[in-house]
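Right, I'll just put the structure down here and ask away after.
Note that the chains are named A, B, C, D, E and F in the order they appear, and that numbering of residues resets to 1 at the start of each chain.
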């Protein structure tokens, strides 16, 4: 094979990590996201008055489907088989936000952090989409990993973040 | 985490079933579908006279490809690795229909029923698409599970349905 | 270019129809599907007691998403931009079935029949998936085109089909 | 058609908005996101020392590809043809964050807000993925629409948000 | 917005070309590919003796489907609506190769060169896949653009390449 | 089941090979491709002067993402979980070509040859896309399997092909 590296190839480091010899293990990842909105927007969601329809179920279905295609979105992410995805919403009617918590499990050689984070982000974006006709100022924030377990790097739990 | 559930969240039940602790096992699912059509349409298919081309091979390729993306279509369906997909057609030239039988196998924590049903449905829809220029009255029916084996719920065989 | 056709190429007819010189027009297609089930299954859906969660909203979201990827499922189907997708359910508590009606619109060179039929089929398959833990005997049937308008072939309306 | 609505169908509102009769117009949407990280993490990115490789180009490619599949992620989002996607990064080495600005254009019946927001979110998630081996505490925040133009609702510009 | 570019951002040039103000026009692109193989392999294909089944129809369906998802494969490629895709095969039984010619048409702001090239490449890869059990030495070569028309850059025709 | 095969079904052989009872094993496949171009084109790539941006990193990201969706492109290909993907480029400034070498690993019942070949082909097509504005004569060639190991058929190494 010709190998005349007279030039540095700027792509040389990019690669999908080799996990061939990693052990399969049960893995859980939990991620968090928040959608801040106007008082009227949150009330419209809670009273199911958004013209596009049932906001939260749509967001949840979108999040679960997105978790399954994470490796198609995040370039260096391994494609893995998920064994469980769930997404929950809670509401703060004083500060007017929806809090999203996504849980993803798998049994495999790599963790499910990106799947959990992607599910949370897509749930948030779907809420935005369903409500943007009445509120373009919504803001998605605090997307982070809450905890993970399984795998060689073991347990991680985000420190007191509130 | 803020948890002020002053409102019922109508999405609260939707989730992908947790199969993390299920055992891997060999699984087979066989599904059925039927496409009813005009006499001329069936004859045109059998004599390979449809303008769009080879109807049955196209339908079969479509069905096999669809089986592989079932989890991208059916929201709560787990993404699994299939070990075999096959689709067969038989013809009734008296009652003018094509019968579709799809077989899907996998080794995993969940069954392949939805994959077999999706393959059968997409084969039927592809036949419709290839022939719709000459027959808009075609009807797809009798999509059901013929049998499954493997997994905790064990064997299932549809009772005498003919 | 070498062109020694000593053999018949059995694939020679398969192709995506050339619509380059067709006019853009507003098009509507309406499709139908039915899911027959046990009495208990329909009642569990209507009372929102299915363990996997909200069956109908999940089926509807799945159907709308599937309509958008019809051309990725049906090989010879053109990829088009949809301008509207809606799916409605009605229930027959005597004969125990759910009836699905999907409406798809676009402005383009080809109709949206396959999109409407695919949406109806995927809605039906999603209902099957959500309920299969309690009822494996469900049957999907009567998938057909109810009506279409727009395009050169003009109006089509299924004749008295009941 | 049978229409015995003895029960409320909780999915009845969910639908993709009908834009059939909207005019095509040139549309631009600009979205924003931020990834907060440890000082070491930002320095490793800027000095191209992340083991997985070139973080920013990978994030940008991911963002552009994600913009094109937004309608496959956000259920009620129309599938549209994009005419331009670009993503830019800027760095704050004092507060240790990367700022993402995505611009999406199209000529069509609906805006590109969701495409711009999705591009920004996926760029941020890709940065997270590339760096998570050295920093699990990264946080994605301030995902919002900066501005949009085109379409019936006209101009929108986020008010002085800093 | 913070803009402290103390570092060069190596991703700064990557973007999808802005075609917002380009005119729609009818465009055609024709691409070429060749698969070289053992004599026995070509004969097995022509006599339909490959265990995996009908090689050429499967390759053609794969190619047509791939053309439609080119923008999902080639990062900076615009997503466009195709109006026609066709793929033809010819055989050279002396030099033992299959020649592939793919034609793609669209009406839009960008050409369909990448779609035609992707169709040709995927047809070739599918032939490889179907036959690899009997011949691992197959080689795909001569993938190039034969001609294109439409758009501002006008006609292109590959010069006498044989 | 009705089985009146009065006609030969031309699709009868097409199927995805049954690997249900194959053993999982570690598998590696390495593929090769080459892109021939004008001297100016190669120099523009090496000096990072292509208007669309960083050619090689974009090609590499595209290749890695394509490897993961091989089973969505090649109809009879099994969907498998990859454990590693890498792509390297080398340059020949005398004969003016880029050589691509892709390596794919998995632990499973089927090999990763098609994934490696698809990665190489998509890397080549992406290089074409990024440079086609300045050079339409580029040609992709020499796509073949360099080596594979693992699985029942064991080792394969292409014989001295240069």
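Simple rule for what comes next: a contact is a pair of C-beta atoms (placed from the backbone, for glycine too) under 8 Å apart; a residue touches a chain by one contact, two chains touch by 3 or more.
By chain, with names taken from UniProt: A, B, C, D, E, F = Cyclic pyranopterin monophosphate synthase.
Only a predicted model underlies this, so the values are computations on that prediction, with no experimental measurement involved.
Note on connectivity: the fewest steps through touching chains from subunit A to subunit E is 2. Distances between chain centres, each the mean of the C-alpha atoms, put A farthest from subunit E.
Where the sister copies subunit E and subunit F meet, the same residue numbers recur on both sides for over half of the interface positions.
If you average the Cα atoms of subunit C and of subunit E, the two centres end up 30 Å apart.
In terms of their C-alpha centroids, the spacing between subunit B and subunit C amounts to 13 Å.
For subunit E, the set of residues touching two or more other chains reads 10-12, 14-15, 17, 48, 53-54, 57-58, 61-62, 65, 69, 72, 75-76, 81.
Checking each pair of chains for touch leaves A-B, A-C, A-D, A-F, B-C, B-E, B-F, C-D, C-E, D-E, D-F, E-F.
Interface of subunit F with subunit B (complex): residues 1-7, 9-12, 14-22, 71-72, 75-76, 78-81, 108-109.
Those residues of subunit E lying in contact with subunit B across their complex are 53-54, 57-58, 61-62, 65. Those residues of subunit B that touch subunit C in the shared complex are 10-15, 17, 48, 50-54, 57-58, 61-62, 65-66, 69, 73-77, 113-114, 117-118, 121-122, 124-126, 128-130, 132, 136-145, 148, 156, 158.
Those residues of subunit F that touch subunit A in the complex are listed here as 26, 32, 46, 48, 54, 56-57, 59-61, 64-65, 68-69, 81-93, 99, 101, 105-107, 162.
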